[in-house]
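Labels for the chains are A, B, C and D, by order of writing; each one numbers its residues from 1.
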């Protein structure tokens, strides 16, 4: 649906990274973890296209919908200027959400950078279903790590990695995860979101680990609703044929085996 | 010069018409009546071009520069959203100012609509020089008339005209002026600004009246400084040859005899 | 109430606002926002004989007041379209125009012939912005000869109203428009996208997977309006104008220049309600101006 | 400190950032903002043999992310230019390139010959977006034959480095670029403006006095970058890239696509300091990237 969502809060929580709380009851009620909003930042032709952001939280009882975004260009820069009480034109919730298995009690959430956003929403929902939540969260340096306490259910266990070692494990979050892993000993499923190289490594390694794993992917979008074929991601079907699926419609969440890197 | 001017005030004074006070010392010191500012409304590509506005007042002692503008399109609409304390990118003062004759004691200021803006500045300066000021000011209806008291020197005499007769004379301001005129009895010079048809009528009639008369013209501009030849106005030289002059450089003020309508 | 109906030669539309090919999918996605029967017609994604995978990503790049796309005609091919997408589109009560594309003349001819047999298709639109593989990759729409031959053949192969969509990447749009008319086109669509590219400076390489793409959106509108204006003067067949339309004022520029219908493309991505809003704004405009038919202003800016 | 000097064949510039013809007048106006000697060069307004009045107003229309102009080559003509404007420009220490335009081959030849005699001109730029009155108004830059003949003749008539400025309103820019190279051009300028128009809906008529005008600004940048990219692959002579450049990122797109210098046009109107800022940003960029010469990244995005 298309709606004007009222800004409740729009604040920089770590340098360059903003936490945006919106009020829009229908979106709050309809959203599932893994879905995204496609927002029109100004009522003007610059920037021209909408911008997609994962839903980092949706609260049907208060009508609140959250987004967490990093400033990377003109669109996000303008978004950061949006003040409390102003309205943001949102299309959503869009896309296919994560689909956790009923019978797997342990959920591993693996995020790089702002890729944590959709997993925060997922963690809250899964935790509500009584699942055990393990969060592996990496960034290049400690200054970029979001204060997860604010966003995660209390019972979630968090493991941090930074490339410069300024907080937690020194190195990639995928390595951290691998190092804590005793393969096959535990039944768990993995949900991951982050930079493409990280997801690619994960997908390769998981061929050995063998966990059920779902990845949330990004691609440049125009329509966001499946009409333009713009957000193509290459996939491989079971009979090894390749083709393109739409990140905005069949995705952004894909089974790791589906993606052809 | 190019400067960021701070907004002191930006308020709707009559419906659709705004009064903008800026603080910029150099511009305030350098400006003369008839000159204009070329402003860049947003730091973005939409709208693309700068917008020209006559200087409605400049106060060297307080660093203040005023503009009065009517909302007609996207640019002026965005301009009206500019808040106190924000900055406006201004190029100016630009153009050739009015050049009143030293020895003519009576100044007739003839304005249609927002064309009053440059004449307000002129009135203050001429009044300071001890001249008698007669202001003829017309609009289509009384709701569009600016509250001139706020802007004019006390001694100025004001004659109003509205097309619908809702205030002052019913009809065109040019007719009002003509009706009060005993041609040739008084030495005066005319300064006029307003819609093109009004200026054209004035110029035609003044061939009989014979007053010295200067007109402030408008034309679509790109550079505003004389480089692009975009703001051409057709002129006729004494030997009856036509050619184009630049509103932004040789103008916006032209002798009425010069303009080839 | 003002009558929005228009006749484009043999093609009768309930109103003159269409969805442009490639920007409206097969209609399904927009059907969740409004009823497709409101539209003058939906021009579907370019359809090819065989399924097409399309180009590698990224396929979209934002540009100043516009966008580039390099979808590469991804589509399920004729068979799957007729089996699945077309019936669904019809069940949504849309007026349907099929845009067809091919690598060879034969592709176009087969498509035209087979689609002629199907009930419920309003017209065919020929996408000529495709390289002709047999003639060494020269674009069907770039050469008067190649284009004229194709149009004449398709004309004979099909009983449907024939729209020819011209590419703007040519020296003389008028020459091509005249040739299309005399080869049998019933209607012209102007314009397809302008060829452009963006370079990703941080990666020092072209941003799009396909290197170049097609420019659309408000940025191209002045070029599109100019082409409609020029073509209107030299052909008799009606014109569907498009390129950067997102509101009433934009659409009126095209009508005044000489278009008898307009299509909305990229603007659908910004606001899915663009077309229904434009239709109702147009209705209001006609009423307030006392127009009985849009024909009264078509070409009114010509001088 | 990074060295900004570039050699464009026979033309040596102190830096690769120029002011585009028609947007910088004869330099005078911008001299009140900064010293003109900072610029790689000033390409002056198109100069014709006789004075030219130009087109009726309005001559400017704003468009989404761009503008149309229909100045119509208003200029004082060769004689007055040499008497007044040129000496003033030289006294401002500007490196000067003269852009010439004509209605006939003879116009171009006379201009080229006479300007060859003048000291202190760096190069000539041929504006080919002019209709050839003798050949029924066909544009010099639209036809390979007409263009090639003109370039060959001018080449023989003049000893200055010869820049040929191509128009983007053509089907195949590569074909024209190759023809320009083989006819004797030393350097290519790409692109001139795209032909466009705006209709004033309230008046139901074209907004510009001249009906159509030339589109420039950020809107056209994707088309310009694409043309530079394509031409770079097929000619050996250096390219001056232009079209919608207003900052470092824009300029780098052109260098990476294959331009060895860039020119800034419409952006001067938005911010008169655009060029000096771009030069210093470029200097900083080269230093931070450890580049010794801009040549190291020219064409780096080709693949």
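The definition used in the following text is that contacts are C-beta pairs under 8 Å (C-beta built on N, C-alpha and C of every residue); 3 or more make two chains touch, one makes a residue touch a chain.
Keep in mind it's a predicted model, so treat the numbers as computed, not measured.
Student: Shared touching chains for chain C and chain D?
Tutor: Expected: A, B.
Student: Looking at CA centres, what chain is most distant from chain B?
Tutor: A
Student: So how far apart, in whole Å, are chain B and chain D when each is placed at the average of its C-alpha atoms?
Tutor: Averaging C-alpha atoms per chain gives centres 36 Å apart.
Student: Can you work out the whole-Å distance between the CA centroids of chain B and chain C?
Tutor: Their C-alpha centroids are separated by 47 Å.
Student: Note the residues in chain B that touch 2 or more other chains, in rising order.
Tutor: In chain B, 45-46 touch at least two other chains.
Student: List, in ascending order, every residue of chain C touching at least 2 other chains.
Tutor: If we look for residues of chain C contacting two or more partner chains, we find 61, 63-66, 217-218.
Student: Sort the chain contact graph into one of these: line, ring, star, complete or other.
Tutor: complete
Student: Note which residues of chain D are touching chain C in the complex, please.
Tutor: Touching chain C from chain D are residues 61, 63-66, 68, 142, 169-172, 194-199, 201, 204-206, 211-212, 215, 217-223, 225-226, 229, 244, 249, 252-253, 256-257, 297, 300-301, 303.
Student: Once bound in the complex, which stretches of chain A touch chain D?
Tutor: On the chain A side, the touching residues are 45-46.
Student: Could you list, by residue number, the parts of chain B that touch chain D in their complex?
Tutor: 2, 40, 45-50, 91, 219-234, 242-244
Student: Hey, which residues of chain C end up touching chain A in the complex?
Tutor: The touching residues are 22-25, 28-30, 33, 45, 53-67, 69, 71, 74, 217-218, 266, 268-273.
Student: Tell me, which parts of chain D touch chain A in their complex?
Tutor: Residues in contact with chain A: 64-65.
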